[in-house]
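Read from first to last, the chains carry the letters A, B, C, D, E and F; within each, the first residue is number 1.
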Amino acid sequence: MSDWTTHLLIAPVVVPMLAGAVMVLASDRWRWSPVPLGLASMLAQVVLAMLLLAAADQPAVRIYRLGNWPAEFGIVLALDRLSALMLALASVLGLAAFVFSLARWQRAGVHFHPLLQFQMLGLNGAFLTGDLFNLFVFFEVMLAASYGLALHGSGTARVRAGLHYIVVNLVASLLFLVGVSLVYGIAGTLNMADLAQRMRGIASEDRAVLEAGLAVLGIAFLVKAAMWPLGFWLTGTYSAASAPAAAILSLLSKVGIYAVLRLWLLLFGDDAGASVGFAGPWLVIGGLLTVAFGSIAVLASQNLSRMAGASVLVSSGTLLAAIGSGQVRVTGGALFYLASSVLAIGAFFLLIELVERGREVGADVLAVTREAFGTGEEEEDIDAPDEVGVAIPGTVAILGLSFMTCALLLAGLPPLSGFLAKFAILAPLFSAGAAVTPMSWALMAALILSGLATVIALVRSGIDVFWTTPHSAPPRVGLIEFAPIAMLLALCIALTAAAGPAMTYLDAAARSLHAPQDYVQGVMGVPDPEPRRAP
Amino acid sequence: MPDGIVLACLVGLPFVAAIVAGLLPTRARDTASMLAGAVALVCLGLVWSAYGTVSGGGVLRAELPWMPQLGLSIVLRMDGFAWLFAGLITGIGALVVLYARYYMSAEDPVPRFFSFLLAFMGAMTGLVLSGHLVQLALFWELTSFLSFLLIGYWHHTAAARDGARMALTITATGGLSLFAGVLVLGHIVGSYDLDVVLAAGDTIRDHPLYIVALILIVLGALTKSAQFPFHFWLPHAMAAPTPVSAYLHSATLVKAGVFLLARLWPVMAGTDAWAWTVGLAGLITMLIGAYIAIFQNDLKGLLAYSTISHLGLITLLLGLKSELALIAAIFHTMNHAAFKCSLFMAAGIIDHETGTRDIRRLSGLNGPMPFTARLALVAAAAMAGVPLLNGFISKEMFFAEALSATAPVHPLLNVLPLAAMLASAFSVVYSLRFIHGVFFGSPPTDLPRTPHEPATWMRFPVEILVLTCIMVGVLPAATVGPYLDIAARAVLGDATPYYSLAVWHGVNLPLLMSVVAMAAGVTIYLILQRRLREGMDGPPLIRHLDAQRLFERAMVTLSWRLARTLERIAGTRRLQPQLRLILIAAIVAGAGAAFVRGVGPGNLVPAPIDPVLALLWVVGAACALGAAWQAKFHRLAATILLGGVGLVVCVTFVWFSAPDLALTQLTVEIVTTVLLLLGLRWLPKRMQSSSAREPEVLGRTRRLRDLAIATAAGGCMAMLAYVVMTRTPPELLAQHFLARAYLEGGGTNVVNVILVDFRGFDTLGEIFVVGVVALTTFALLRRFRPAADSVELPEQQRDQLEADEARHARDDGRHVADWLLVPFTLTRLLFPVMLVAAAFLLLRGHDLPGGGFSAGMVVAIAIILQYIVGGTEWTEDRLSLLRPPAWIGTGLLLAAGTGVAAWAFGLPFMTSYFSYADLPVLGKVPMASALIFDIGVFVLVVGATLLMLIALAHQSVRGRRSTPRTLPQAKASPRVADAVGGGG
Amino acid sequence: MELVVSLGIGIVAGSGVWLLLRPRTFQVIIGLSLLSYAVNLFIFSTGGLRSGAAAVLARDEAGTLAQYADPLPQALVLTAIVIGFATTALLLVVLLAARGLTGTDHVDGRERDQ
Amino acid sequence: MSAAILFWAVLVAQLLLAAAMCCAVVRLLQGPRAQDRVLALDTLYVNAAILLLVFGIRTGSPLYFEAALLISLLGFVATAALAKFLLRGEVIE
Amino acid sequence: MTRLLPFPLVTLGLLILWLLLNESVSPGAILLGSVLALVGGGALWLLAPPAGRPRRVLAIARLLWDVLIEIIRSNNAVATLILRGPRSQAGRSGFVLIPLAMRSPYGLAALACILTATPGTVWVDYDAEDGTMLLHVLDLIDEEQWMRIVKDNWERRLMEIFE
Amino acid sequence: MTHAVELPLWAAIVVACLLLLGAFLTLVGSIGLLRLRDFYARVHAPTLATTLGIGCVLLASMLFFTVLQTRPVLHEVLITAFMVLTTPVTLMLLTRASLYRDRREGSPDVPPIPARPLPKDGAER
């Protein structure tokens, strides 16, 4: 453990931890600006995530024993490709939100910067930990910070939505605790790998209770992942939150997905004895229903923010259904989808704020009403009223282009990564020789119809925002606000271009998730550190 | 040149140029058009350069892996068929660019236009050159998307917006369907590679999923090619600038559908299902399109419906089980591109020069624009199928196929010859109307602009195209013959039948049909002429069948009203249903999982019931139920009862050997009570009477349901708890902790050693939660605005002020001081006592019950007590060293720093260190780094708890400052006020 | 003994759930508090109930489960108590803010019939 | 012998104390006024402290003493806060 | 000295508290206890309690003894009263307004503690201007007698100690 | 109660008596809480527990542990001290609150706010 590179593993936790704590102290005591420190921390996290992404690309899982205690009872961090992927996504999104907030949002309330750091702390910790209860703790860190960020800027809508968000998540946290304690009470361990090891040996009368615990745990995760009918809180909360907060929050639902992905494949894989594939069909059904509801919500959205929130639902549902199918290659595709949709939705949340800036309040509702009741009624004028186009101001053009990119990504239309992601999920289901089950058809229908719904809704509002009501004065958009959006979209494009290598990585990630022996062995098989000196 | 470069340039160059054009300044019309023209010409040249290869039956092919794991590659593949289309796209593209240069106004932001146009050209080329089905679907959607942008180019008009949206909605839907079809096809064949797919015809047609793939793919093709019942988007796409229509809606975009059908013809056609779907759709479209076209008053509308009709014709040809029909279809595709493009351009010229496209207003333009009139006349004649023009030849082939369609699958198809003649007659009618209505008759009056011939170069593309029509019409075999042959052979391969391209096949049935159709067309026009000139409100019989309106209605209903309704039904924005669902889900999941496998009590014998504990839990249960009962109208009572439950829980912890838990529970209990009371101040008075809002039955049902959920939840918890308590796993983590707590962790209080050492990472996270929550509450309270009815002083304080005033009492507030005299004295004396107790808990935590958290809570309680009795301002004057945020920061840093410090020794984060220092006088003193960690916890807890409580308490102070009648109080120390949220 | 504690957990949890489903914010916060008591006890109970077991180790000794209660659930409960306390405080502040901004103490920020 | 005496004494004492807590809780539920409930809660705290002391004797462990100590030192803060709330309408002014 | 040790009695008390808590009189405990006691004294100093310290230790001890006796006596009385049932207490409890001469806050606090700790009496209110105390008595047979008990038994002796 | 075996009989008897007495007094106090008629009467009842009730139990505890551990166990004294210091705070505030609430409701059972002569010179203060 003496090699300093091993400490890289915990650095994504320690960096925001120290940065946030120093910010709290320094900005209170010496009135330091938290910005330089925040930037340094965010950049450091991106660099660390990239390093870890590279380091994780190997069959063996890397572990870090906290307090130098052996894995069998201490808390360990475990880094595999999935963790590294999530870390990378979190750090990128965090950096984007941070930079974006520098223009305006950081001033909308106190303690924004430390909260952002703590949010990163929670996310990074949750992605790294290999311990069930520690996962709970980091969930709570993450949620606590997210409460603050969701409420950042205050205001009626935020507080109203925040209240629901908090209550729902508190209930979910309690369910989490119930689940964890049942697991401990039956299996006698909290270490995920150890639990996986013990799954096979659980006596059948105990197994019922253990499965009940895991089912309750699953509900807790699914609430966070916003599976229908557990996720109605999401749209309201995310749409009410400030743009940078919403961008970060959009990743939070993916933490629920991450937990399901990690635990479900770890615990109910081929080594799970009688529990193999536990509740898989329910994941698929729930996922499909979530996609359906998300699509409906996308269509029914009266404003872009709600639409963005609803597309988070669609993305969650897609992932759940894909994961629930229990096929390695589908999981690989789902991971690709995860990466693409996290980046796209993050960019979209940030973009909405810029797009809607300067539009009059209620314009959305008006536009919708106009469409619903006004079209087709006026006589068409074929005498070409004014066949001279309107020049679009540069700012609006750039925003429009970004909007289009987001729309393509979210709807999964070609040629960007959103399309590739859907293809990557569907292609294995329909690969030659694969048995095409009703589930495959349902998933295909869900992916395609949700894409269609997204297209319709986004085109409707895109036309409304960029075409119908010409911006008399283009919105004031700082470079610092646009840069993070551009970065996220550029990453999506990079993901599109480098889909092959990315898919190789993610396929490997999926394979090791589906064959968790390496993970289990990596965590549990490490020899004990030399015994402590006696007192 | 290597194949790869040619193909890549063909597809890539337009895209690169599109980006460049997009970056040009708004007014750079000439630069942009030069760029576009150059690119189109270069591409045309590239296509031509491939002639050598494809004419010999060769195929250009380039492959670049994209997602090889999933069999996805970029495969560019140019065979004769693709070559023909690529030539069409680039060649007509070049002409359209030239035309657009003159058509588009100088004021228009033209670079954007050319940018889109170039990108479209690239996408279209990519589509026809696709050697991979997924890639084809990709470019397919791209063409839809770019056509959306092009149609919506003049987005300031509602027509453009609606047309664009409709086109995108329909074609993107089709594209998604095609994508699905491609996936199914890939499943059937095992590859998406076109070459592989084209070699697997029998596999495909015999596969049980053939019909699914067919429907999905045909759906894509029909939508794209504006076939019935998806035809209606095309007329509305006429809101696009005319060059767009000339390019997209005659030659390229709409041809993508028939391209696809022809491309997959060898492997998918020939079945009844194919004939049914493709053939029938084509037949209906051909007739309906032609019929409606007659009654269009808009020139472009007429052309649009005519296009629909001709596309229907082509589709119909593709639907027949005949190789010759396929060849006819390809041929007609080319011919149609030539004459329809020129007609669109002519219509654009007319529009451009006169300012209107309304056939009813236009007349006699032959006078001012004779040359244009000649060109339009020839093109329209080609459209009508007049001999010696290209349209005639392909029409003759069509008639021949209609007659020889030997195996129609349905009696309906027996009417083919008749239908062909009818459609042909209609086309004569609308062609006549176009020419006669616009160029002949009385000289034009009352036009927006005075018409005259357009710029020479604007007419040039039309001239080229019309010339092509004539050349092909006169010398088909010499001009177009070889190219058609290349294309046909590329599709059909060895199955290519003999056919002859000639103007004169002798007097035969098709010729007769032509003559009849021609005569019928002229007759119909003569009959209708007067009524048409006066203007008919849409086509008779189906006048009211306005597809656009239906579509919009459907869209609004489905995608908006229905979606809203469904969202309301399937979702909720209210909290209670959400919680209900979550709880039900948890109960069902937990109980379901348990019962599915069957669950019973475990192996352990339950301990005998201790009557004392049972009585204690009678108290606990009574308190819990009481709290549930009272929380609505008697909040204070509920708070008190909650305290009762907490106390019972605390005693239970003691009972079962968990003193640490008891201490923590107790302190938390107290702070929570104070917290709730601080909150109660700002909640509205609730009276028992105002509950008659909803019908009693409804309310009772709702309550019964909630009662059921609550009972189920409680029951499940109880059951699970019992089941778990009565069994114990063979191997508990706990054994490690017990074995090592003292020997390796250096503490006898195992719980504390777990908290600060074994699982110190949890605790570290936990204190960050507390810190974060404190910061959040503080941030929220900075912006706190109490409800109007809570702003004023509580009635108790108002009463006191009144009483004091009425009695001319001493200073306001003295009475309060009197009541509090003794408590004040006592609590101040208790302050240091509590601090010492806290120090006691903190320092011995590692070995005995206690620890940083409970110690911190005790200090917080001690300070809160001073606040309660002494008041905010008094306390803060005295305890000015309270800076909760700084304490929070310090505590977090101390705890995290202890973790980091291990790095200095090359050990993992949070590795603890302990030893016993032998000090003089004191003897052996335990020194554990865990203690520093615990002190960090302590500092954090003090800071965080105080921050939350004080920030809440400060709301009263803030409220009082803004209330006129105030108790005179000493000014709060500004530092403290600032630190704890006096900011408002 | 186990029965008593189970029933206690059940009743407290049931009361909490009942309140959680009520429309007033204060009911919800009390409900959540009750529910977290129940859950804390639940966690605690999964380690098995040991009355009169030693709570701390004797010096220089490696403890075994025969003499001591399972300390791990206790540690978990401690963490859960602390986190529960913090979130209760936050919820309280949020419901006050909601009440201030919306003028009602209904959980949805608006009365149902409005 | 002494063990038996103590066993019964402790058991009876604990039962009496538990009964006392039941009395207090009846008052707590009954009210009728808020002050009655606060008083009952205060009583509950004191009874619990005594119960814990007896429990300490029962187990022979001095560790439960701290819990009783903490109740006696801090338990009143909750009730004092409640009383202050009744008296002034807010806990901290 | 006063800066370091503003309240010597309190500091001593805290040291004793510490030693009792730790159940140890080892040098380490005394040293640490002294430090903490000093810190505790400083904390109290921050709160600026009213001046005044008790004198005459013997009087305190005698007072405490009397209080103990009184507590035992009234425990018995109140217990009897409760057990005899509600009929026995008809109309016998009530308020007494007692003028006090004592002004020392510590004296008043001690009086309050004594009265409240004694079952049957509760200190209700105090008016600093008039120096009157409102007392509630459970077994109020004779107001005058109660006034005498309070003034003679407790107030006088407390004034000796605190004033 | 294996640990109590070593306790001498006399100590066991004393401890048992003290325990029973303390518990009994506490119970009586709580019964008083139920049986006494109004709040002002009830407020006296818990004092039984906070004085002799807890006192007896503390004595028992001290005796028990002192004899058992053969060293003086005195820290129970602290609880007594804390009880004496804290009970008045609660009860005074509570009774005063009750008095205020009863006066506000015009209850005849509580003394009214005592009349006070007009101040001689309002400006002085």
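FYI, a residue touches a chain if its C-beta (ideal position, glycine included) is under 8 Å from a C-beta of that chain, and two chains touch if they have at least 3 such contacts.
If you're wondering where the values come from, they're calculated on a predicted model, not measured in any experiment.
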item	value
Contacts common to chain C and chain D (chain labels)	B
Farthest-lying chain, centroid of Cα atoms versus that of chain D	B
More contacts between chains, B-C or D-F	B-C
Rounded Å distance between chain D and chain E, as computed from the means of their C-alpha atoms	22
Inter-chain centre distance, chain A versus chain B - centres from mean C-alpha coordinates, in Å	15
Mean-CA-position distance for chain F and chain E (Å)	13
Separation of mean Cα positions, chain D and chain B [Å, integer]	59
Residues within chain B bordering two or more other chains	573, 575, 579, 583, 639, 655, 659, 680, 717, 720, 724-725, 732-734, 737, 740, 742-743, 759, 762, 766, 769, 773, 776, 780, 783, 796, 810, 819, 822-823, 826, 829-830, 833, 837, 848-849, 869, 952
Shared interface positions of chain A, touching two or more other chains	133, 137, 140, 144, 147, 151, 154, 159, 163-164, 167, 171, 178, 181-182, 184-185, 190
Interface hub residues of chain F, defined as touching at least two other chains	29, 31, 43, 45, 50, 73, 75, 78, 82, 85-89, 91-93, 95-96, 100, 116
Touching chain combinations (by label order)	A-B, A-C, B-C, B-D, B-E, B-F, C-D, D-F, E-F
Interfacial residue positions of chain B with respect to chain F in the complex	796, 799, 803, 807-811, 819-820, 822-823, 826-827, 829-830, 833, 869
Residues of chain F touching chain B in the complex	82, 85-86, 88-89, 92-93, 96, 100, 104, 113, 116, 118-119, 122, 125
Residues of chain B defined as touching chain D within the complex	611-612, 615-616, 618-619, 622-623, 626, 636-637, 639-641, 643-644, 647, 650-651, 654-655, 659, 662-663, 666-667, 669-670, 673-674, 677-678, 680-681, 793-797, 816, 819, 823, 830, 833-834, 837, 841, 848-850, 858, 861, 864-865, 867-869, 871-872, 949, 952-953, 956-957, 960, 967
Complex contact set, residues of chain D against chain C	58-59, 61, 63
Interface residues, chain F side, partner chain E - complex	25, 28-29, 31-32, 35-38, 40-41, 43-45, 47-48, 50-52, 73-75, 77-78, 84-85, 87-88, 91-92, 95-96, 99, 110-111, 114, 116
